[in-house]
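Dropping a structure here in structure tokens format, bear with me for questions.
Chain IDs A, B, C and D follow the sequence of writing; residue 1 opens each chain.
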Amino acid sequence: MKNPYLPIPMVVKKASVETTDRMLRTLELSFLNEEDAKAFRFIPGQFCELSILGKGEAPFGIASSPTENGSLKFTINKAGVVTTALHHLEEGAEIGIRGPLGNGYPIDLFKGKNILVIGGGFAFTTLRSLIVYLSHPENRSRVKDITVIYGARMPGLLLYKEELTQWEKRSDLKLVVTVDWGDKDWKGKVGLVPNVLEEVAPSSENTYAVICGPPIMIKFTFPKLMTLRFPNERIYTSLEKRMKCGIGKCGRCNIGHLYVCKDGPVFSYAQLEKLPKDY
Amino acid sequence: MEKTWEPKILAFLCNWCSYAGADLAGTSRIQYPPNIRVIRVPCSGRINPLFILKALQSGIDGVLVSGCHPGDCHYISGNYIGRRKSATLKRFLEYLGIEGERVQFSWVSAAEGGKFSQVVGEVVQDIKKLGSAKRFVKKENSRSLGVEGQEKTF
Amino acid sequence: MKLKLDKKDFKPFLQSLIEEYDLFAPVQLVEGVSVFKKIDHPDEVDLSTPNPQKPAKELFFPQSETMFRYEKAGKKNQMTSMEEVKRERILFGARPCDIEAISMLEKVFVGEGDTDVYFLEKRKKTTIMGLGCNHPLSTCFCSSAGGDPFLRAGSDLFFVDLGEAYFVELLTEKGMAFHKNKFFKEADPKDLTLVKEFEEKAFEKVGYAIPVEGIEKRLDLMGESSFWDRIHEKCIGCRICTYLCPTCHCFDIVDEGEHQRGQRVRNWDSCLSPLYSLETSGHNPRPTCRERTRQRLMHKFNYFPKNFGQVACVGCGRCILYCPVHFDIRQAIIWTSPKRPKRFGGGTI
Amino acid sequence: MEERSKAIQDRIRDKAKELLSKKAVDLIIGFGEWTLPLRTTPIFIRSPEGVDRLIWNSFCENNLATYLHKFAQFKVGLVVKGCDARSIIALSLEKRFKPDQLFLIGVPCQRMVDRRKVKRAVKGEILRAYEQGDQIIVEGEDFKKALDRNNFLYPSCQVCTHRTPSQVNALVGDPVEESPLTETHPEIMEFEKESPEERWRFFEKESSRCIRCYACREVCPMCYCNECFVDSSNPKWIDKGPSPSDLEFYHIVRAYHQTGRCSGCGACERACPMEIRLTYLTQKLNLDVKELFDFETGIDKETLPPLSTYEMEDKQEFIK
């Protein structure tokens, strides 16, 4: 019988610092065993438990898209014991991984719809997965317009800068990048995500909104989506809670009777409305 | 050839006096037993009893805390505060049944290379008399296996 | 199949079990404190006290258990899973409340989603010999919580203390394996009457006073009720009620040991601890005792029923007996109900 | 005894009523009757009408000072025994609250009855218990027994010499004679005479029962660290497995951290579901502090706790 607590081995293929404050680092991992690679099937929005033996485990959203074969990417914010250890990993180091866990974004519902992606700060990771997945030639025709609004506090704190430049050039994807405070080299938008959303004012018709960011951003963005007449059941978000097992056994990540690890982390606002505000 | 047991002793030395004293012992080529491992701390008052307990739990056979002589503390009163902590901790450990000699204290100034060597010698002798630490030491794999490889419950 | 075991044969019977199995039964550690422990000699077994402090869940979900050991050789990690139970085990002397709780844990660990191999392995390799509860305490309310002092469900064999002998019932396939046990004799009708008598007496004593029924629906409407503002006041946030609860099953996963070798273990955890839900960012979705107490009660009486169709409380009364500030879960249940029964219990002081 | 308790109870209620009526406090924390015999429970009264729920008897075993951390943002009226008042003085020395935030209703304590000892004295479950003179009457399904209360006191209460709370805002009841019932700490004296091996074995045996519920920590008014050393992940001081050494570590440090801060109320031991003898650790530390620094916790509002101060002349014969 498969032991769901036993990590499978992966290797750090590439490690790169994302932001100027050096607090965010992206690890690109590749599978050590062929069969693990084959068995690993996921959709954007799912997450994994990364484990460093001797330090522990922590959950991270998968930042790469299923269309990027052979490897997985995670962007990690240095905060506690495990994340610090992950920051110290060198290329070639072995790491344990459990997953994919959670439900992921409701890709099937997105068929034939416009997609509005709103991201803030380093919560952009699983949104990157979603954008890369949807804009992949194989999938692009499955959805209509894709609009991405992405904000960070400062230009230096934006994730995936190279990709952002590439996306900007694409005609089949509308990207609006904004920062709270620009610097002298910054030529893009300056402004908070909710205000930029108001400015861009995408139509809510036939559109799903996926929003992910710090609580304060969500708090102010959500009312704007309401004024844009997005119904609750078409707004999705990905929640974070302290997790351990990742499979709905250990108890701590529940919101009401649902577990963020097993029944989430992606929830619609229609769902969240019915649950206690325990997050 | 059978190796004789040598105690492992952890020494917390205050930066301003005892550490310099140990240094002096070294530069003056005064010999002292090689059983001690030194950790330099800013002041003997900095020693959190947790440090001592953690050392003992980790299998250290003895702990030496050494600071400036009364009145000489770089921070005026750190060693006085340390003295009270030492006195109570030592008594408490003895009361519990952990040999009091495993935790020792000394005043060694920066000029007392000779005294440092003598203190270390005495501590090593005391600990040798006691033998290796048994009580309170965490066994390497303390998740002891019960019958047939089954883990013992609490 | 209905059998009996004479008291004079009791110890030899236990001895015969010890020879073939790992036998776990209540053992007194000091006067008044007992736990389920592995037995080396029949004399250790102590059935004189009511439920041991720690419930029998410990056998299947230990307070601390190694999930796997790891060792690093160069860059490679070697991991060895530790779920295997080498010797068949017997749990003897657990009361129906503890046994019912084990079935609840089974729903969580095995029933849905991924299978918890550590729990399953222990469950599969354990034969449960339940013991009828002749003398429920005044704090017991198993009948109100959906069980009863003589509930057979979950037991493979069921024992009832008849004074001179134990009445023994073989209930499952695992239980039937004992039907040729040399210490068991055919039970006579007189014994059956006696069992009935004991049952009736116990049923009457436990009663149905606590309005557990319908609590899930009542709590649905109480998510933000002022009820929670007061009920937590005396709680000091220790973990006694959750650790001693036979149905509580939260755990924490941590690594022990060094870089080179060590083990990943899981330890019991408690929703009453602030650290339980504290996120690395410093945000705590359940920042005060109010939210944590609500989580404990809501999980038992609302969330768990939603997921598994029954309340996560078996009415064993441990949380009432051992709470240092005398929090009474029965009273909490009563307060949710509009039909408040008159005062219960003998607390005249 | 019960007449005395009754009189005290009335005065507690009167005082509480007065304080709540003139809104001098936001709430009164006292003892109330609850569901089990031989026990009381902490109650929180916010209106003058509720004061009749306040009671006083020989089972008011909790140290309510521990709630000051939880109710730090309120003006609290607190019912305290001698030991509880000492905890409060110790806490005020550590500047845990503003002096005007508290109103202490002090009760000269009659020494509390050990419910576990009482339970052990009878066979069968006690369903009803009450006091009658110097006796505790316990009743079960088929028994009724009178017990001499003085034989059933908590060990920490037997040796108590500060039963009358000092420096309280109101004393309800006449001061009591301050002499210990038994020779000072007979158990500890006895224990000290044993060999180190015996002492260690006893400590090992006691701490091995620990289930890490941390009730001893949570009930203690002096245990209020934002992050307890056991919960710290960096540095990680101890593992939370069943290693005996880790359990011993916890109990050594928990007790030692009380050096010069423990009022000897015994709440830790009363809270322990596994009945670990915890006061034999803290009481020893209290004796040591008395002997070495002539200090008793919570007697004097001015004297700093011994480990945060020093004397030039402190003993140092143990230092090389």
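Definition applied: contacts are C-beta pairs under 8 Å (C-beta built on N, C-alpha and C of every residue); 3 or more make two chains touch, one makes a residue touch a chain.
None of the values given here were measured: they were computed from a predicted structure.
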| item | value |
| --- | --- |
| Any chain in contact with subunit A as well as subunit C | D |
| Which of B-D and A-D has more C-beta contact pairs | B-D |
| Rounded Å distance, subunit A centre to subunit B centre (Cα mean) | 50 |
| Cα-centroid distance, subunit B relative to subunit D, in whole angstrom | 35 |
| Subunit B and subunit C, separation of their C-alpha mean positions in angstrom | 46 |
| Contacts with 2+ other chains: residues of subunit C | 54, 63-64, 252, 254, 256, 265 |
| In subunit B, residues with contacts to at least two other chains | 143, 152-154 |
| Residues within subunit D bordering two or more other chains | 211, 241-242 |
| Touching residues (chain side subunit B, partner subunit D) in the complex | 49-50, 53-54, 57, 70, 77, 80-81, 83-99, 104-107, 119, 122-123, 135-139, 142-143, 152-154 |
| Complex contacts: residues of subunit D adjacent to subunit C | 33-44, 55, 57, 59, 62, 66-67, 70, 116, 119-120, 125-131, 139, 209, 211-215, 217-219, 231, 239-242, 267, 270-271, 273-275 |
| Residue ranges of subunit D in contact with subunit B within the complex | 191-192, 196-204, 211, 229, 237-238, 241-246, 248-249, 252-253, 255-256, 259-260, 281, 284-285, 288-289, 292-293, 306-312, 314-316, 318-320 |
| Touching residues (chain side subunit D, partner subunit A) in the complex | 233-234 |
| Subunit C partner contacts - residues on subunit A that touch it in the complex | 1-7, 9, 51, 53-58, 79-80, 83, 92-94, 96, 215, 240-242, 244-245, 247-252, 254, 256-257, 262, 276, 278-279 |
